[in-house]
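Please see the structure below; I have some questions.
The chains carry the letters A, B, C and D, assigned in the order they are written, with residues numbered from 1 in each.
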Amino acid sequence: MSQIRIGILGGGYMGKAHSVAMSAVGAVFNTGLRPRLEMICASSPESAERYRAAYGFHRSTHDWRTLVKDPEVDAIVIATPQEIHRDIAEAALALGKPVFCEKPMGASIDDSAAMVAAAEASGVANMVGFNYIRTPASQFARQMIADGEIGDITWFRGEHTEDFYADPETPASWRTEGMANGTMGDLAPHMINAALALIGPITRVMGSYETVHKSRPGGRVTNDDHGQMMCRFENGAMGHMYFSRIATGRKMGYAYDISGTKGAIRFDQEDQNAIWLYRAEGREAERGFRKILTGPAHPDYEPFCQGPGHGTGYQDQIIIEARDFLRAIETGAPVWPTFRDGYEVNRVIAATLASADSGIWTDIRDF
Amino acid sequence: MSQIRIGILGGGYMGKAHSVAMSAVGAVFNTGLRPRLEMICASSPESAERYRAAYGFHRSTHDWRTLVKDPEVDAIVIATPQEIHRDIAEAALALGKPVFCEKPMGASIDDSAAMVAAAEASGVANMVGFNYIRTPASQFARQMIADGEIGDITWFRGEHTEDFYADPETPASWRTEGMANGTMGDLAPHMINAALALIGPITRVMGSYETVHKSRPGGRVTNDDHGQMMCRFENGAMGHMYFSRIATGRKMGYAYDISGTKGAIRFDQEDQNAIWLYRAEGREAERGFRKILTGPAHPDYEPFCQGPGHGTGYQDQIIIEARDFLRAIETGAPVWPTFRDGYEVNRVIAATLASADSGIWTDIRDF
Amino acid sequence: MSQIRIGILGGGYMGKAHSVAMSAVGAVFNTGLRPRLEMICASSPESAERYRAAYGFHRSTHDWRTLVKDPEVDAIVIATPQEIHRDIAEAALALGKPVFCEKPMGASIDDSAAMVAAAEASGVANMVGFNYIRTPASQFARQMIADGEIGDITWFRGEHTEDFYADPETPASWRTEGMANGTMGDLAPHMINAALALIGPITRVMGSYETVHKSRPGGRVTNDDHGQMMCRFENGAMGHMYFSRIATGRKMGYAYDISGTKGAIRFDQEDQNAIWLYRAEGREAERGFRKILTGPAHPDYEPFCQGPGHGTGYQDQIIIEARDFLRAIETGAPVWPTFRDGYEVNRVIAATLASADSGIWTDIRDF
Amino acid sequence: MSQIRIGILGGGYMGKAHSVAMSAVGAVFNTGLRPRLEMICASSPESAERYRAAYGFHRSTHDWRTLVKDPEVDAIVIATPQEIHRDIAEAALALGKPVFCEKPMGASIDDSAAMVAAAEASGVANMVGFNYIRTPASQFARQMIADGEIGDITWFRGEHTEDFYADPETPASWRTEGMANGTMGDLAPHMINAALALIGPITRVMGSYETVHKSRPGGRVTNDDHGQMMCRFENGAMGHMYFSRIATGRKMGYAYDISGTKGAIRFDQEDQNAIWLYRAEGREAERGFRKILTGPAHPDYEPFCQGPGHGTGYQDQIIIEARDFLRAIETGAPVWPTFRDGYEVNRVIAATLASADSGIWTDIRDF
């Protein structure tokens, strides 16, 4: 075991999640590289110091450049707003420091393309944080599909639906401003990443999105409340995705239904310890969707619990990300998802927005 | 109670269902008009006679004109292939005989328009058979939405998915020939009817459909295996529908998710005695989707079972249709869905097919 | 097809259910014996005549002896209060007329023993109506267990829970008087019958029951609100059953969980079109309870619906009973459950009540 | 923040779980007392050193007395076999060191009584680890019941069912020897603790338990495979519990159904992020069990995830225990469950075993 000194940029929700993960990953996984919480950066000296004490870092700063350049910081975790993802990543990569960047990667498709270029030029570990995909359930789905266990995929339906803006009286905030914080910017990346990981590249899209509640107490809303997209995958499958922050009653509706010629898979993150599998085999009278509870037999499960049925929580996925980032650094081998994967997600979003803006629909009155 | 003499055209699955319903409806509902199974028509004298004996009709014929014109036949149920829906309906309506017609109504949008014209000119009872919508669950959903209980509708997602052609080795048959027997012709009408009934008129669509398995043992496939559509409703709601006969594992996936500003409703016909309701009210800690078991408190439930929880079956919906058709005849008042409602469904399908054929998509390679 | 003339005693809920079933069974099943609704008996001439007209019988009477002796009544269905089950059955059997008797059979264990003796002496068809067991789901469970598909049974847990008396303010009625109308008399028979049918004979019991709400608006309560029993089956399995009319929220909680050495089965009548099966085979990662939707591949399903997923309702089970009763008459072969099966159920109840009355418990203060 | 130096006895599954929890609790909760992983004890010097390195302790030992007496160990976590719980606890308490002891507490009811006496004499923090009860779901259930939200409790049904010994070919091991490792010793404590916490004291029991598979590859089985108990609570409620390690298909069947006069609650740890609540209020047509997803509005949820729907895992419960133990030390106030609560659980088990051994059953042949 040798020590690796971690610098985290951003002390908010994701900053805390990654700090806790880096604290715990060593004991949980008996990793080769043991992280040390070296330095945390936040927007003011006071908040940075507060986070330092709360999360157990050695030092703090309010200047990201200071953190990136610090000779005792070996690797970087970016949990800041997207506007400075690119600058931070380019600076760190130029110094040969591995970078883990929270999704969505960069403030624009150009930013993310530049980040890919910098990462690939540097040759060091680069990784994007799409944490939901890391449940044992979704990793199992990915493996089953890749192994052909449900045959050729014919249909993918995904959604990422929540209801934190379902009430028209919920006040405007930073969340209701800027494309990056709307559903196409904030929620879509997770499910598009899942679609690409589970089914493969997307070739064509046709989308639609809108702001349902155009003003809220405290201000106007300048980004979208929900959006949808029909798509075609390179392997021929047809698909549909829906993203919403106004899906009343949905708390973590990160869900997909997948049909193949030999079976089907269904998942909903609201019951993240289960995955549903149907196999079109055996006698007809015994066929049905199986509710499989994830356990030691599934990918990325064992280290947490030696017994089955113990359940995985959100923080567990963040610890898995920490483990994988450390592995990427240790071995030098790329670990999915790399910056390039993050860029592919952004590309699908850009195409969807463009197709929606083109406004081509068929009027029912013509029939 | 006075007797009404029923003539049924078609002795197959739906002909049997309506025969059983007409046998039972009097005892179940204590109807004012009591049906008598007067005459059944099938494609040959032998099959007509066999159905007559099996279902308890008084007479049989293999000529639909004979049945329609028979002076002792008071009302007509059409359960034949769609090609002759229009001829039968026009002939019966010209004689002033009420007509119940199985969905989808007519072989083309022109046929269904002509049937509406004939029905409205005649002034007699005319009704279309979209049986799935008649569960107490879906009737309750319709009432709740109409009463504004879940607020303004923002999103409708519907599907009608089954898997009877999921296996590529299932042989070609009459079902794999002709648009009327594909998913857009056979399954889509049910869910489009539900969408219109629950949410209201559709104004714009953008669709996509395809034949996944282009040949099967025994021949080529000339109609679609699955299709999807994004849509916009007149009340502003956004929507999506999907129809499939290759949805591996789905047996009766007639399902919808509806979001409103004050609540949400979810339903899946695979558990047709339950409906899920979410209300965005009360304290946060107690909110959740309620699984409501349909019972005496719900529309169209009581007559069958005086106690709660007894469950409704498919045949029960057909009996409800029989009751409603008898009521329409008895009172002269139109009973939903009329021929006009059937026509509206066909119109949405025609627009969807046209939009899909226009082939406008956005290529991901441009981004 | 030859006609059989049916006399039904009782015009209330079950009388209506059996009348509708006898109207429909011919068209549904194309039975060899076709029932004719000959005569109905109710407590007064007026009510009898009203039921006659409503259900479509030819004649009515208010004297059960008149109906039983009528030479144009071939077979008898008893849907009266239990006090006169025995008299009616003995009279009919003495005339060689087949008898179908609603559960629970007879007003006492002695009555039911006498009914078994009369039935076995007569040699004619005799059958008891435990309708819930007749879903395709429960028939499939029975077949799977009998075939050894889930191995040796180690555990059976059953419940029949409803909530029609959960509210202490629900007034006293005939249902709150007399052991026959309490949970041990009214609900327990269904689940005990299921246990005997699924697992086999019970050898030992230890029970407990009580009246929770001892008085209600309108009077005192003289029968039990809920009861439970631990038991041992002849095949060695351990078991537990619970019966309640105060199980708040439960509408038709006729449910069982069964563990075997090779698998498990779970069922809840609140979703009566599904049954859950677990098989301890195949690779660990794919094991899970399968939600099997009942369809054409399951026992007693096909006749109703040629397509899968259509759902079975309560009335469908009553029609299946009518079919089986007609078959028993036609073939002369006994059809499960016979009067003897009804007697076995009563025996288990009697033993449970006796064990509960003995009051042997272990006091926790001694430890 | 001041530091508290933790000594953990036992490096196996629970030892690791508590080590990880103590690593993470500071960053997660920003606790007043910050734990330092001072010393770990395991059965040999080699294993102790291995655990030390893996989990991040400062020192290791293979002698529990060394750890307990060490002046730089401030508080003790016992995760050893039960045989030495008492000795360790008495030694530590005598030195005034707070003790957290894994369940079940002590090897016998006498041991646990002695541990209570020692703890109460010492006046320092003492706590037992029944981790499953600490989900936000179960804490919410406890609060709802205590607040009278579902009225007077009439029925409690609990089970703790798993299937790790369902296969008769699974070899004998330490788990199949000794009452402490059978279902009554190992699984029953969790659900009995839940029953006491949710409903209150138990006054009477009547139990039954058995070894189904008396020998297994590798040896004879000397403890029980499953057991059940009927019980009566001090508040009048009736109850039943079942414990099994042969419940084929169950992975974490820690589940309960509770009926009250005004509502009902259902929970199953296999879907630990949801709890089902029924309220007998509002209009009948809208009543149903609500599936409530636990989130920030529920007890013990917020600290982990600021957003709803993120899901809680097993390790999260262990961290909550760590937080509560630190709080008990910091404030000096007792934190549930104390040693006394652990003793009450053991008392119910002892009474259940005694009642089962008395063998009083009613023979069905007498009826």
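Here is the rule we go by: a residue touches a chain if its C-beta (ideal position, glycine included) is under 8 Å from a C-beta of that chain, and two chains touch if they have at least 3 such contacts.
Everything numeric here is computed off the predicted structure, so don't read it as measured data.
The chain with its C-alpha centre at the largest distance from the centre of chain A is C. Set against one another, A-D and A-B show the most C-beta pairs in contact at A-B. Separating the CA-averaged centres of chain A and chain D is a span of 34 Å. If you average the Cα atoms of chain B and of chain D, the two centres end up 53 Å apart. Chain A and chain B, compared by their mean Cα positions, are separated by 41 Å.
The residues of chain A that reach two or more other chains are 250, 274, 287-289, 293, 295, listed in rising order. Considering their complex, residues 140, 274, 276-277, 279, 283-293, 295, 297-298 of chain C touch chain A.
Residues 109, 150-151, 154-155, 157, 163, 166-168, 201-208, 210, 212, 225-226, 228, 230, 232, 238, 240, 242, 244, 246-250, 259-264, 278, 280, 287-289, 347-348, 350-352, 354-355, 358, 360-367 of chain D are the ones that touch chain C when the two sit in their complex.
Across the interface of their complex, chain D is touched by residues 1, 13, 16, 19-20, 23-24, 26-28, 30, 34, 53-56, 162, 164, 250-252, 269-274, 293, 295, 304-316 of chain A.
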